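Across the two complexes that follow, chain A remains constant while its partner is chain B and subsequently chain C.
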Partner chain A sequence: MNEVTVFIMGKGYRVPAGLTIMKAMEYAGYRLTRGCGCRGGYCGACATVYRLKGDYRLYADLACQTPVQDGMYIAQLPFTPAERPPYALQDLAPEGQTLLALFPELARCVACNTCTKACPQKLEVMDAVQAALRGDIRQVAELTFDCVSCGLCTMRCPAEISHHHVWQLARRLNGAYLTPRAKHVQERVQEIAARKFAVELDAFMSMDRDVLVAAYKAREIEA
Partner chain B sequence: MGTYPKEMQESIERVEATRPARLAAKPGRLTLAEQETLLKGFHPDYRPEGKRKLRVGASWGDPVPHELADLLEAYPLLDPSAVDVTKPDQDVDVLVIGGGGAGTVAAIWAHLSGVPAERILIATKLRHGDSNSIMAQGGIQAADKPHDSPAIHYLDVLGGGHFTNDPTLVRALVEDAPEIIRWHEDLGVMYDKAPDGTMSTIHGGGTSRKRMHSAKDYTGLEILRVLRDEARSRGIPVLEFSPAVELLTDNQGQVVGAVLWNLETGEYTVVRAKATVLATGGWGRLHIQGFPTTNHYGATADGLVLAYRAGAKLRDLDAVQYHPTGAAYPDQLVGLLITEKVRGMDAQPLNRRGELFVHPLEPRDVESAAFIRECASPEKGGRGLGVTTPTGMVGVWLDTPMVDMIHGKGTFQRALSSIHRMYVRFDIDPTKEPILVYPTLHYQNGGVVIDEHGWTGIAGLYAAGEVEGGVHGKNRLMGNSLLDYNVFGRRAGIAAAGWAKNAAPGSPTLSHVERYVGELKSAGVPPTRKAPLLLPEYRGERALARMVDLL
Partner chain C sequence: MKRLAYFPGCAMKDQARPDEAGTLHALALLGYEIAEIPRWNCCGTVYSLAQDDLMRHVGPVRNLLRVQGMGEKRVLALCAMCYGTLARSARFVQEPERLARINAFLDTEEDFRGGIGVVHLLTLLRDEVGYEKLPSHVKQSLNGLKVATYYGCMLLRPREFAVDDPDRPEVMERVLEALGAVPVPFPERTECCGAYLTVGRKDIVEERVGRILRSARGGGADLVVTTCPLCQFNLTERRPPEAPPLPVLYLGQVLGWAFGADEPTIAALLVGQPTPGEPVSSGGAR
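This part shows the complex of A and B:
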């Protein structure tokens, strides 16, 4: 078996090459509680920082999506403390000042771009901070849509911004107030309230299985 | 590109050769009879050696996979005599067990129904939101377009479930669906829409109308994070890393809360509740029949174990959902979900010769069976036309470059950004090369029996989401699980709040567990097995072999 040496919290282990950081830690004998969630790159639980042999840089990535390399020094972040001010969406307006009023630390951004470099999703994080400063809620929402709230940018940010909470609010403001509602959804809700489909559904519910199967087979399939 | 090994590369050339003809043709669908033959021949559920009949409990005699039977026929992890449950550490009106989609929705609706936030508690095994809900990619169904209707949705759900579903639950599912979408719009979920607000909707496997609503291919993430933020705005308390290890019952047999266990300190906490909502999700991490899984780390069927000991009935747990398209290459991605939306956007499944062997959007169980037949060796009755990877995995191609060819350059990266990102990390560009897939354990079709209010039939106990059964019968269609957790999370939250107003819980006990242990003993179940599982075992064998517990 082709093996590599990784240093988990500074301690060396031989593990098979090609494993992800998460699977390498398990192989080495760690039973994960913190630092492991969906194991598929969606939940952001496994934020990890690492260094490589002979390289001064501190890298950041998701343990479940990153293969190990020989000589990797690995530390997982069990939790990212982040400040989320209290708010209720219905009390807020989708205006330029809303984000800055709730997250005034946005103004401390020094445009160092460290957040962008830390992002495992390769999002343009600093651009999103700048958009938030300009009050461009829609742009913040679009730039951060693929954010998994891993907190790596937050841990690296010299301005001490709690990015994912800002993004969350921006996306909700965008979805609720800056995007037109689907009229057909509202209409259907009213039709259901008026029991428009009740008779047909009652009929299906009391139908014999054979008749129901025939109805299913005969149903037209939208092209 | 060309990061595939040479043998796989040769097969890709055949895929490319057949592509022009396939782009021009329309794939045919299977008849119900053909579907049945495929299922019987190749779906893992039809292997009798994969299951056994339960020897204890309310669903005695029902066949379930061995992996689940081993947990249901198991002794309590928590020794009832080692804990004092008579003095609750915390008293709430509504205890929600599970912090995924169903639990979060139930908590929000309990709050909306008048239960003060501080009288609600969400207890969850990992972090708030760590769940299968957050991983869902493709979408959520709702019949809200003019040419669609809840009645047509009803037929699709029933047909997909092979007419084994509970009709009352299906009706609740389809009739509540548009209201759920409207609620999500109110909360700020960023659904894919046309500029005028019309929802962009596509087909899913087994749908007769394009009613799959999506938020790129992060639909589950987008909905869950909005719901979680809403729960935070409402100040609903959440206890993380605190799985329930046993329910509590009083001398009337009512469920009156749960014992939680701090995963990090080992401390137990007794929570008394007037109503308890079970929202613990499914069983993917049991790796039934050795399949890899798309599921999150905590999907270990804990809720089924707890509810069964308290007397709840289970149903349809003989039916396991294998998602047709789990990643099969590279090794690091094996088992991870490739959303059905990829096929919804016209990527076709192909064998080694580049031939389309099944319609891309048959119901999931049928589609999976077709993939398994294509890959199985002729000695096993299969066609032996799968593609083998260097580590011995077998799979079929999913012709992903078709998405951009049909829908325009840039579509894949925009609409399927998570899949794109996942492969690009491993130097595979799915807009230029096909990807290799094979069925992966995806969903618990059945679960705890409920009525249309999420009530389990046991006073004080409600269930919502993947842990419950009946909604999907023996096979769930894509986009109905996100809908299920919203519809039944909401209904269970409202019903639990209603029950809590007049409930009179007695003193908490673990007498139901002691009774269950008695049943296990009389059935001759060996005392070695313990449940709930809480976490799967993934530690390396070499490390485990030398592990001793000294501290």
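This part shows the complex of A and C:
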């Protein structure tokens, strides 16, 4: 079997090549109860930092998405302590100073770009901090749409910004106030409320379970 | 059209939008194609007074790197503070060892090579457009409006990056004269407004702002002109109750109006009406 040596929190293990960091840890005997979630790169629970022998860089990635390499020094960061001040969305305006007022540490950004280098989602994290600084909430929301809140940027930031909480607020403000309402959805909801589809819906509601299941299975599905 | 790289800075996209709008209107008529830097970040605002302040230059240098990426040799700033911060960093990296350290830290695909010039709107109008060219572009004269030219600190200090003689500046006066205004004697024009003390020591800022506005009014001004968003904020939001209720506009707003853009404050001043935001009762104090 093709094996590599990895060091998990300083202790060396021989593990099969081609495993992800997460699988390698389990292969080495770890039972993961924290720092492990969807295993598909979506939940952001398995933030991990590592170094490679002979390379000064500190790499950051998701354990479930990153294959092991020979000579990898690995430590997981199952939780990121991060500050989120309380707020009520309905009391906030999607304006220039809203993010800065709640997260004044944004102004400590020196544009070092360490956050961007740490992001496993390859987001332009620093650009989002800069957009937040100048109050461009829509831009923040768009730049951070794919953020999985793993916290790696937050752990690396010399300005001690709690990035994912800022992004979450920006996306909430964007969704609540800046994104145009979908007109066709509103129209359809009104149509349903006005019982435009009463005949069809009532027919389904009164169906026997078996008939309903058969109808469901026979439904037209978009390719 | 002359292409000119432009660094807006955060304030120009938020509270100082009228400054940007007026300036861009005027610069287009003066034959400039303004190219905003893609993906710019904060200029770095307050620069560190520490000896080892290399980290503080990373932000501004990254902006200069993007100017280099555009294939440009210089960049325009409107905000007095952005100008000072960028100019300071452009000079900082003239020393090869510092440039190498910054490049090693930046770790970008393309190294910064240095040699990007930083110009302020005022120096552009003086050194490239020329005062004498301005009147021919004026669409509506300021018509003798009495203006107090407020420089504050950032345009003139430190001396190495001053847009003009730090003790006896004249560039803003000459520009406004060319637009038809009359600069008034204004002894406090280079005094600091109190800057960031506005956060923790409002009392100090109020005292200074009161003194600055009294000095402007003492010279007979109807309007105060500035290029700094923080000065603008302090001069309007931190004025003590007894201070003269003078309107405070950005240079870009005045320039834009002279070049035909709409600016209700100036329009009102020129017909002797109460200006927007000014209490009606104050009109008689002139």
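By definition in this document, the second predicted complex is superposed on the first by the 202 of 223 C-alpha atoms of A that agree within 3 Å, B and C clash if a C-alpha of one lies under 4 Å from a C-alpha of the other, contacts with A are read in each partner's own complex, and residues count from 1 in each chain.
Just so we're on the same page, a residue touches a chain if its C-beta (ideal position, glycine included) is under 8 Å from a C-beta of that chain, and two chains touch if they have at least 3 such contacts.
Note that the structure is predicted; figures quoted are calculated from it, not measured.
Asks: In the superposition on chain A, see if there is space for chain B and chain C together, and answer fit or clash.
Replies: fit
Asks: Specify the partner with more touching residues on chain A, choosing between chain B and chain C.
Replies: Of chain B and chain C, B contacts more residues of chain A.
Asks: Return first, second, both or neither, reflecting whether A:Thr20 touches chain B, chain C, both chains, or no partner chain.
Replies: first
Asks: Name the contact category of A:Gly40: first (chain B only), second (chain C only), both, or neither.
Replies: First partner only.
Asks: Could you tell me if A:Ile221 is touching chain B, chain C, both of them or neither one (first, second, both, neither)?
Replies: Touch status of A:Ile221: first partner only.
Asks: On the A-aligned overlay, A:Tyr30 touches which partner chain: chain B = first, chain C = second, or both, or neither?
Replies: Once the two structures are laid over each other on A, A:Tyr30 reaches chain B alone.
Asks: Once the shared chain is lined up, is A:Gly135 touching chain B (first), chain C (second), both, or neither of them?
Replies: In the superposed model, A:Gly135 contacts chain C only, not chain B.
Asks: Once both complexes sit on top of each other, what is the least C-alpha distance from chain B to chain C, rounded to whole angstrom?
Replies: Checking C-alpha atoms only, chain B sits 19 Å from chain C at its nearest point.
Asks: On chain A, which stretch or stretches are contacted by chain B in one complex as well as by chain C in the other?
Replies: The overlap between the chain B and chain C interfaces on chain A is empty, containing no residue.
Asks: In the complex, go through chain A and note every residue touching chain B.
Replies: Chain A residues touching chain B: 18-20, 23, 26-34, 36-43, 45, 65, 67, 84, 86-89, 121-122, 141, 145-146, 148-149, 168-169, 171-177, 179-186, 188-189, 192, 197, 200-201, 204-205, 209, 212-213, 215-217, 219-222.
Asks: Quick one: in the complex, what on chain A touches chain C?
Replies: Contacts found on chain A: 96-97, 107, 109-113, 117, 124, 126-127, 130, 133-136, 158.
Asks: Give the list of chain B residues in touch with chain A in this complex.
Replies: 32, 126-127, 129-132, 134-135, 142-147, 149-152, 154-156, 158-159, 163, 167-168, 171, 174-175, 178-179, 181-182, 185-191, 193, 195-199, 203, 208-210, 215-216, 218, 220-222, 225-226, 229-230, 232-235, 241, 263-264, 294, 296-297, 331-332, 336-337, 417-418, 421-422, 425, 535, 538-540, 543-544, 547
Asks: Within the complex, which stretch of chain C touches chain A?
Replies: 10-11, 13-15, 39-42, 44-45, 55-56, 58-59, 62, 105-107
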